[in-house]
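A, B, C, D and E label the chains in the order they appear, each numbered from 1.
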Amino acid sequence: MTEETTAMPLSETGSGSERERRSPIEWLRDQREHRAHLFLLAIMLLASIAVIDFRTWLVLTISGVAMGAVLFLMASGMTLTFGLMSVLNLAHGAFISLGAFAGGTVLAFWLDGFASSPSFLTNLVAIIPALLFAAFIAGVVGLVFEKLVIKPVYGDHLKQILVTVGGSIILMQLIEVIWGPNEIPVTRPEALQGAFLVPEALPLIGGIVLEKYRLVAVVLGLAIYAGMLWIIDRTRIGILIRAGVESREMVEIQGYRIHLLFLGVFIAGSALAGLGGVMWGMYKELLTPHMGDEMMISVIVVIILGGLGSIRGCFYGALLVGLINLYIGFVEPRLAAVATVGLMVGVLMWRPQGLIPVIKV
Amino acid sequence: MSSEQAVLETRDLTINFGGHVAVNRVSCQFHKGTLTSIVGPNGAGKTTWFNLISGQLKATAGQVLLNGEDLTGLTAARRADKGLGRAFQLTNLFPNLTALENVRLAVAARHHIGHVFWQMASHRRDLTDRAMEYLTRVNLANRAGYLVSGLPHGDQRKLEVALMLALEPEVFMFDEPTAGMSVDEVPVILDLIADIKKQQDKVILLVEHKMDVVRSLSDRIVVLHNGELVADGEPAEVIASPVVQEAYLGASPDQQPEVAHG
Amino acid sequence: ADSIRIAHVTGFTGPLAPYAEQLDIGLNMGFEYATDGTMKIEGRQIEISRKDTQLDPARARALVEEAYAEDDAHIVVGPVSSGVALATLPLAQDYERIIMPEGVADAITGAEWNRYVFRVGRNSSQDAVSNAVALGEPGVCVSTIAQDYAFGRDGVAAYKEAMEAQGGKIVHEEYLPTDATDFTAAAQRLFDSLKDRSDCEKGKYIFAIWAGSSNPLGRIQDLDPSRFGIKLATGGNILAALVGYSDFPGMQGAGFYYFESPDNEINDWLVEQHFDRHNAAPDFFTAQGFAQAMAITEAIRKAGGSTDTEDLIAAFEGLTFQTPKGEMEIRAEDHQAMQDMYHFEIEVEERDDWFAGRTVEAGVPKLIRIIDRSEMDIPVRN
Amino acid sequence: MAEPILKLSGVKADIDQYHILHGVDLVVPKGELTVLLGRNGAGKSTTLRTIMGLTTLTGGTVTYQGQDISRWPTPKIARAGIAFVPESMGIFGLLTVRENLVLAAVSGPMDEARLQWIFDLFPPLKKFWDKPAGTLSGGQKQMLAIARAVIEPRDLLLVDEPTKGLAPAIINDLADAFDQLKEQQVSILLVEQNFNFSRRLGQTVAVMNDGAVVHAGTMAELAENEELQQDLLGLGLGAHQ
Amino acid sequence: MLSRILSEDFPRSKTLTALLLVIVVSLALGPFLFDGIRAFTTLGMICVFIMVVAAYDLMLGYTHIVSFAHTMFFGIGAYGVAMAVDGMGNSFGAVLVGIIGALAVSFVLSLLLGLLSLRVKAIFFALVTLAVAFAFLSLVTQLYNITGGEDGMRVRVPRELGPAFRPFENSLPGIDVPTLLKGLLTQPWNIGQVWQEATFEVRFNGRNVMYYVLVAMATGVFLFLLRLVNSPFGRVLQAIRENEFRAEALGYRTVVYRTAVVILSALVATLAGAGFALINRYVNPENTLNFELMVFILLMCVIGGMGTLYGAIVGSTLFILAQNYLQDLLGWVGQYTAGIPLVENLLGEDHWLLWFGVLFVLSVYFFPAGVVGQLRIWALQRRNRKSPPPSGPEAEPVAQT
């Protein structure tokens, strides 16, 4: 054994300079680590443009982005409730349906006069109340749902899965009781029907069509995305809720009433599902109690891709799923569903906790 | 002594957490029958070093050798199997099993019978007896049937040690075994460590902040600071060295027994 | 006398519940009409029991067995879902009793058929062929879009055969997963297949065979096919779906039933009574249920009041009977009812009589002509 | 003895179906540091958790500044000016050090001067300011836990074994910090196994055994009396100097 | 003897023992105790699901692996037999080929799944298995040429397992318990007639043979699993469930154990799937591969009591009874509520799913430890009240949730 005491210098100069010398490489690696979502998006765009004719590609891309925006609207609420309160709400699909029915009621029954006017502004008089009303109804039902169904099973994912599937059966049945068993047709507001045709004369993009509805979806999706990011990253509420995921008890020890917070988040998540539901309902133009549930697989893929709980991840996950559906759908439609799941498994093998990990497993 | 082959050796062991080098090129050899204390300020990298040795973390660079065999690529399970025993700093047990069952699992691991599915576990009296023996050694025999989640903190720490004993390892790594233990319990653990040391063929590594414990048990002290090995030698010498006095004890020698030692 | 026991085994709950409800209403009204309200045939009381398959084939099988073995039902009507119906067909054979499935799959009177199976509703081929007859002539080019499973593929195959017999051309077949919701990519390919063709002086069409709630036509229409001179075409549908057709004024196709299309006494009675009782128009499946009741009544009468299976089979084979859709004939070869279909063109109108208490802007399928059952060559596939 | 800020009389508490506290009587005088001693499993942590309303109180009362807080919900107790550093520290591992402290400062933005005081006490907190707290070392987490409790002025601190796992230098600093808090008239109830530490700081002391307080008195008295120590704690505390 | 068969893992509650006895006797003598097709189908389903759920419990309750791909393996078994019989004719050889083929496919897939869990953990793993199962489902629907797509496939079973086969010349006597009980309750003075009404003839045919094959399979599988979880291997699984990290640190290669469990559980599910196809004589995606079915299995496991194995018996029985008879119950209730505006609508047969959902949720709340767990807790409490344990929380694992 070495007997002498080897007192090494405590100064950090040696290791410090080494760190600096290595830093560009590390910086690069860091970038790749932290921008996995952008990296993947870039790859997908490049790969597809290589095999698809440019104009078609452009139409597909725009449609894919719009589909992504609608998917994001539908998934954001679920990722919110998972990321912030660790509640896996499989009844989310039922809330989407509920939103669609509530919004559809406004559009097709109450304010149908405004919805069928050709002017966009007049349409908005129907659309905005429809969105608000759907968010409101979904939010209120969310409140009740949290109290009756979710509250007793905080912290236990397995039971959450069970009670929320049970809850979703109940919700869909209640929709049937209230709105009747028939499918309800809802025509899209007049100004959102059809498409803009880019004049043939324009170079490159001439002759492509942009569906009006999809443009609106993109705008709404981006707005909601920006709002959510701001709240989560920049406000105390955001921090608080993230803390609550780890330990409810400790949040209470700091003097906050955690349950009110969680209730708020759940209401917000449900309201978002409601918004997504209206957009989805306007897209499909035919309302069924199962319409939200049918989207759950896509929603789940989106939120896992994103990292289960990350708003950013959810956004990019939705874009990726929207795009791959369109691209693969063009090349070989039968593979679209499998491709989506394949994308997810692939991403998880690369990043076991999603593109933008938030939770430790 | 130094001519003899080291049982455990780390060579340039390094880990980098996204820019923060928690353990930085630490090389050290440990020999049979010795007890080495590892001291250093909070966050010096002691636990991390242990994690690198026992395989809980993957080293960015460097090697871990046990009796000359390179363990670097092996998983934690394989290393445990080869004779590296570890008791954790933050208690890490099977909370909803009884204390006895906890130890029995360790005994079963030691005797490689985890895959046996045709026998009744309860028919293996030999395992139970063994497990009781270890519980007795840490003074927990009367708690054998308790669920771990209901055991007070101090008892959990003792159980943590019992698990390591049950593995009958060649290298014992204690990470602050007496933290949070009441004064009357501490000697149990210390006597136990002394017992192991008496066997002469084991290697003991001890992370401990209580300097009196360190002083009374150690053959050698290694000091970590900012992830680097900054001192290594005889206890008295190392404790007296300025680096330990300033960076670790943070006070003049006459002041520290006052408060800092339990 | 012993009662006539009929078990209506169908999906009363689940996604097809509205159809089942219509069928049940139709069935009851049909018997009521056929028996002048007495609910007795040849002096025997009709007893109808309802059993809910929950759209689960396994459950449906148990219920059908229960109906035959325990309730001693003479005839099982249903199920409405083709898949579920197919699962139950062998039981009719096991128990040697009549089953009258309500689903549309060709296989019911095709590959999976047995001699106890009778179908009054239309089959996919009838849908497809009537549509081909409605549009087809030399110089017509059609690209099809359909769901990628038996229903879609069989439908397109039958359509193609009939269309080519009329002189038209199928230039592209597009198949999508059953649950597809985004049709942009498919639309691109469909447009590409038609837009630059010069041999289609009589029109370029995209024809859709689609079951379920996300109909692709609306999405394709949004992409403005008319800029390439492409028109849309599809079969008839339930009223709820026809509301969505308001986006396609001028679209042509052929359908099974729309309450204003037939012109006969029975239909008049049905429409009037239905408005009275439900404050809404009778729909697609109401008419089918009604026709089923008419067929059963007629057959039992023809058999002289007997409900013995062999007597019934003999009576059903070649049976002609009156329905809200006019006369139908059950052909002996595959026990499929041959019937008229309705060639329509969509006109947009405000309607307040389709649904109780609600006004909608609807795509009304205005009748162009009745396609007589003799005009359609429906293949026998059993 | 100063007037009590906190008083427990006959407090009983259960965890699941087990009776853990069998009637705890305890007084924490205002502005003083009270040490709660006892062997492992005596019920010290449970007593603190019961004060915070975290275990079900089945009997007795907890009086804080003259109010009966026995049935109050935890957040209300916290807002009344009681800070608690639990045995397991309860760090929010996914939040950064900064975010942990932001949350602890319930009434608004953190006070700069106070923050500086904390940084002087615990330099690593400054160093790892924007690092997720879950990656801190055991001792560093302990520092953060204490920092959270004192980021704002509080009337009463409940601290469960703060020196556990801390390096000697930091323990000294911590002792200084408690001294400073005492000067600020903060009352402290400290559970501690490190007798040297508690002897230096404590004015009053209570010893628990098997779910009840078996001795209460001044620290000076206990520190003098080896026999009493032997009796209550099972060991002469001098033995391991 | 009994102790050996049950691997010393007893119900540990008198109520539970009684409940289990009732269920086991009902299953063993089923065709002679319950008249009618639906009762017979129900009994068969219970046997099938006891296997499926017990295997799932091994994974979920004992090892804490949450997988939603369990139905995939069930479906592989069912489709394996269906496709083999479809292709090779209804012989026992074909059935055997189908089963072996299905087991092989399941083995490979479950091995992959086990290895996937090496990298993708916990809730991510759970949701990935959900998506994989979904992809498998859509594959089966898409490959309608060989699978029949959504329409499913009929399974033409060997003659010896079908209704046409009659091993006994005469029919055997049976006594319908529900009729008997109802009679005894409503007209106890008329015992003779009640008895008469309740007796029925059992025409013992090939389907009964198949049923008893299933009963034997379920018994074998259950006892095997019971032994397994009480062996040293089972203890390691519990260790992994409690603290995988620490199990690894003790030297257990947890991946190997986890993969073994996933494979074992998959194989049992496959076997049960084959049994399902043979007794039900019909397979389709809906009743073998659906997500809903997966949740139902999960629910059966949880209602029964996770980590108790006996829970599989109780859970599947309760659940399948509710699923099959709730609607009838509501129909009966509906007779009395007809005419009351909203109630009529809510309590109607058509909305049985609503009440099913409500039961679903309530059962999770009121039996947090499952029926078996709860009964054991009560039994333990009763015992403790009689003779309280010496001190503190003496442990007897109750329900291993």
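By definition in this document, a contact is a pair of C-beta atoms (placed from the backbone, for glycine too) under 8 Å apart; a residue touches a chain by one contact, two chains touch by 3 or more.
Source: prediction; values computed, not measured.
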| item | value |
| --- | --- |
| Steps in the shortest chain-to-chain touch route ending at chain D and beginning at chain C | 2 |
| Pair sharing more residue contacts (C-beta pairs) when C-E is set against A-C | A-C |
| Most distant chain from chain E, judged by the mean position of its C-alpha atoms | D |
| Mean-CA-position distance for chain C and chain A (Å) | 39 |
| Between chain B and chain C, centroid-to-centroid distance (C-alpha), Å | 77 |
| Centroid distance [mean C-alpha coordinates] between chain E and chain A, Å | 36 |
| Where chain A and chain D are represented by their mean Cα positions, the distance between them in whole Å | 44 |
| Shared interface positions of chain E, touching two or more other chains | 138, 142, 350-351, 353, 392-393 |
| Where chain B touches two or more other chains, by residue | 150, 247 |
| Residue list for chain C, restricted to those that touch at least two other chains | 17, 148, 177 |
| For the chain A and chain E complex, residues of the former touching the latter | 88, 148-149, 152-153, 157-159, 161-163, 165-170, 172-174, 176-177, 181, 297, 300-301, 304, 308, 334, 337-338, 341-342, 344-345, 348-349, 352-354, 359, 361 |
| Contacting residues of chain C [partner chain A, same complex] | 15, 17-18, 21, 148, 174-177, 179-182, 184-186, 188-189, 213-215, 218, 222-224, 227, 238, 240-241, 243-244, 246-247, 355, 358, 360-361 |
| Complex interface listing, chain D residues touching chain A | 52, 54, 73-75, 78-79, 84, 86, 90, 92-95, 99-100, 102-104, 106, 134, 148 |
| Chain D partner contacts - residues on chain A that touch it in the complex | 236, 239-240, 242-243, 245-247, 249-258, 358-360 |
| Interfacial residue positions of chain E with respect to chain C in the complex | 36-38, 41, 138, 141-142, 144, 149-152, 154, 163, 280-282, 284, 286-287, 324, 327, 349-353 |
